[in-house]
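Chain IDs A, B, C and D follow the sequence of writing; residue 1 opens each chain.
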Amino acid sequence: MDAKTIIAKRVAQEFEDGYVVNLGIGIPTLAADFLPTGISVILQSENGFLGLAPLDGPVADVDLVNAGGKAVSIIPGGAVFDSAMSFAIIRGGHVDMTVLGALEVDQEGNLANWMVPGKLVPGMGGAMDLVSGAKKVIVAMEHTTKDGSPKILKKCTLPLTGKGVVNFIITNLCVFEVTPAGLLLLEIAPGVTVDEVRTNTVAEFVIKPQMCTMPIV
Amino acid sequence: MSKITTIEQALEFVQENMTVMIGGFLGAGTPERLIDALVNKGTKNLTCIANDTAMPDKGIGKLVVSRQLKKAVVSHIGTNPETGRQMNTGELEVELIPQGTLAEQIRAGGAGLGGILTPTGLGTIVAEGKEVITVDGREFLLEKSLKADVALIKAHTADTAGNLIFYRSARNFNPLMAMAAKVVIVEAENIVEKGQIDPDQVMTPGIFVDWIIKG
Amino acid sequence: MDAKTIIAKRVAQEFEDGYVVNLGIGIPTLAADFLPTGISVILQSENGFLGLAPLDGPVADVDLVNAGGKAVSIIPGGAVFDSAMSFAIIRGGHVDMTVLGALEVDQEGNLANWMVPGKLVPGMGGAMDLVSGAKKVIVAMEHTTKDGSPKILKKCTLPLTGKGVVNFIITNLCVFEVTPAGLLLLEIAPGVTVDEVRTNTVAEFVIKPQMCTMPIV
Amino acid sequence: MSKITTIEQALEFVQENMTVMIGGFLGAGTPERLIDALVNKGTKNLTCIANDTAMPDKGIGKLVVSRQLKKAVVSHIGTNPETGRQMNTGELEVELIPQGTLAEQIRAGGAGLGGILTPTGLGTIVAEGKEVITVDGREFLLEKSLKADVALIKAHTADTAGNLIFYRSARNFNPLMAMAAKVVIVEAENIVEKGQIDPDQVMTPGIFVDWIIKG
């Protein structure tokens, strides 16, 4: 199983039936393909609707795109609204869970995912609202950068998307919970050792006594 | 007096140095005919308030490529490399605003509110230089309301009184911007007679709309 | 012509073609019956729609009422919305003119029309928003109370609806404009003398050099 | 799990001392069946947030007459003499709020905003004890956002997913209150299957609605 699939499958287990979920572009969106049996969620698309259909569904028209600008479709029972209502839903705590990627995340739950000064400045889009408004914020990302540098730090160095907003970090190596006392290692991926996690993580963390192997198949 | 006009007459209201709101999300729901005509006309030094600068060959992106913008107030520029390039060289000023804050600031402008109190952006550089207001022990950022001289709106259907219906995710910022500009110009795919839209189905009341062109 | 008709007819002359207008219950609503020829206005009803039909129009159903709770109908080209949008329209300056009654109005443009402490406390409803948001605020009322007491004062004694918000006062005796320097007597009703206005008005006022007779027929 | 339930089960969520938002404007758009059942049930000491207290024999007025309210947060009580009487004797606390402020406070509660900045009420007793915020030299009153434990909503049509359509001026505060309460109970005149309402026509998205009863 490749890193992205591990992460997406583990994220999918966080879904509960009836959840309203907003998924970022990339790995987070992939998670919708691995919904546990009997679990149905409602996907919110921050550009203005609820009931985003899975990406492999039929594509209706150019006037219906997801937050990445891709043509998508909407499920029966969906609802369309303007951008103010879309973010009233997000900011108002009506989204149960949001899953986003990160450039950096740290042991205080800070998240940086919208700019690298002088290099990459895409803008925050809806991310700052999502992390401040969603009930549960999950960072889903490969544990390190492509060149192997740690992304889970003691303190973010890049401009923040949100301060103290992250609840869980799900990577191809492990699952961390962000607690008031710092990071708690809940699970490690099959075949991964705690040492391996430690080597690839700058942040301090505590191992949960009941730590288990990531339950993915 | 009819609100239906020509694209040329409508664009008379867009002058140099004006602030222009333009609907759309990565091009979806952007009035492309108005944009193309504005590119042809070449009106410069515009401040554009929009969700994003789309792509170089699409929507608001075309106004970036044609260097008609002096400032972009947007939530996202990642899909248009030309915006980033002009920002880095100092040709274009870019103010990045969280999308939900931007939507609510525009709504506040139209609704006569002095600004909004949002938790979004607290503890980030978005909060720099802005007032923090504490309400019942919780902190909120005061973000001012936004208005414009002109709004360029894309609708699916307009009646001759200016009542608008939007289609799917092409709605996005359009209804909000229609409330927040002095002159509102709508590019409508379909134009119907007054009375043909049921009052309950109207998404933007006609009183907000000044001019309609056929899209 | 009775007092109410005089006032309603004079108010109607303030309407300009295409105006968006909100009319209070009573005399203000009556003004819509006297629209000048060729003038068409759009009536806003603060409970949530534009395109309120004249009161003598056909009445549709119990789910369509005006701000006084009376069953009304809506004209072709009307639009319905929620209360937040209704007051976004009002507060946001999208109503060209509002006409309201008053308990008291004063020479500084202060208006009191929502409560008499210890006696009458109906509540302000939408009046405070209307006077703070509408582009032009007209008070339309009989010049004195039923027992002949003046209602146009130097300073309101009742709790205010709005401070410095009134632009014009139209009564059965005269028309005042509220200017930064105080009240300016623009017109007097046919057969009324300036002395009569003075006797029934506590507020100070200046007579406009080009003062004329109220142009009503 | 179906959102359709019985009126008895739905009213289990309304408990003594709770804050309840109730839609309607002088009775139009008020869920009368829910009100009648709540009167029968007799739940007391409720704080009611609504536009008005309607008439003694209509809508929210019935809850005043039955003395189930300890507090009413409304913009108008003039059509219900019993509200005024109970206010004067001290049986009922009445907080009067300008209608546009009330609507926006409820919206702010649902939208996660800390409050609103409005010019309405400046210089009046409404402003007493409240913070005045100056933005670009202009004063605004800070009015806090409002939330509730339960909202009682009247809709014209609901689908089984909870998506709502309102009819004419019965819309009023209903869509706003549906966003601002922990538990949202809808009395719908018509109930249709999920998918039978076009997504563009939905006025309140189903995620806001917890329970639906047939009105």
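Rule of thumb we're sticking to: a contact is a pair of C-beta atoms (placed from the backbone, for glycine too) under 8 Å apart; a residue touches a chain by one contact, two chains touch by 3 or more.
All figures in this text were calculated on a predicted structure; none of them were measured in a lab.
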item	value
Of A-B and A-D, pair with higher C-beta contact tally	A-B
Most remote chain, CA-based centroid, reference being subunit A	C
Distance between the centres, which are taken as Cα means, of subunit C and subunit A, whole angstrom	55
Distance between chain centroids, defined by C-alpha means - subunit B, subunit C (Å)	35
Distance between chain centroids, defined by C-alpha means - subunit A, subunit B (Å)	29
Subunit A: positions in contact with at least two other chains	49, 74, 80-81, 84, 87, 90-91, 133
Where subunit B touches two or more other chains, by residue	104, 107, 111-113, 118-119, 166-168, 171, 199-200
Chain-level touch network, classified as line, ring, star, complete or other	other
Touch relationships between chains, expressed as pairs	A-B, A-D, B-C, B-D, C-D
Subunit B - residues contacting subunit C, complex	1, 107, 109-113, 159-161, 163, 179, 194-195, 199-200, 202, 205-208
Residue numbers on subunit A that touch subunit D, as the complex places them	17-18, 20, 42, 49-51, 74, 76-81, 84-85, 87-94, 133
Residues of subunit A defined as touching subunit B within the complex	45-49, 60-65, 67-69, 74, 80-84, 86-87, 90-91, 121-129, 132-133, 159-164
Subunit B - residues contacting subunit A, complex	25-29, 51-52, 74-79, 84, 87, 94, 96, 98-104, 106-107, 118-126, 156, 166-176, 203
Subunit B residues touching subunit D - in the complex, by the definition given at the top	104, 108, 111-119, 133, 135-136, 138, 140, 142, 144, 165-168, 171, 199-201
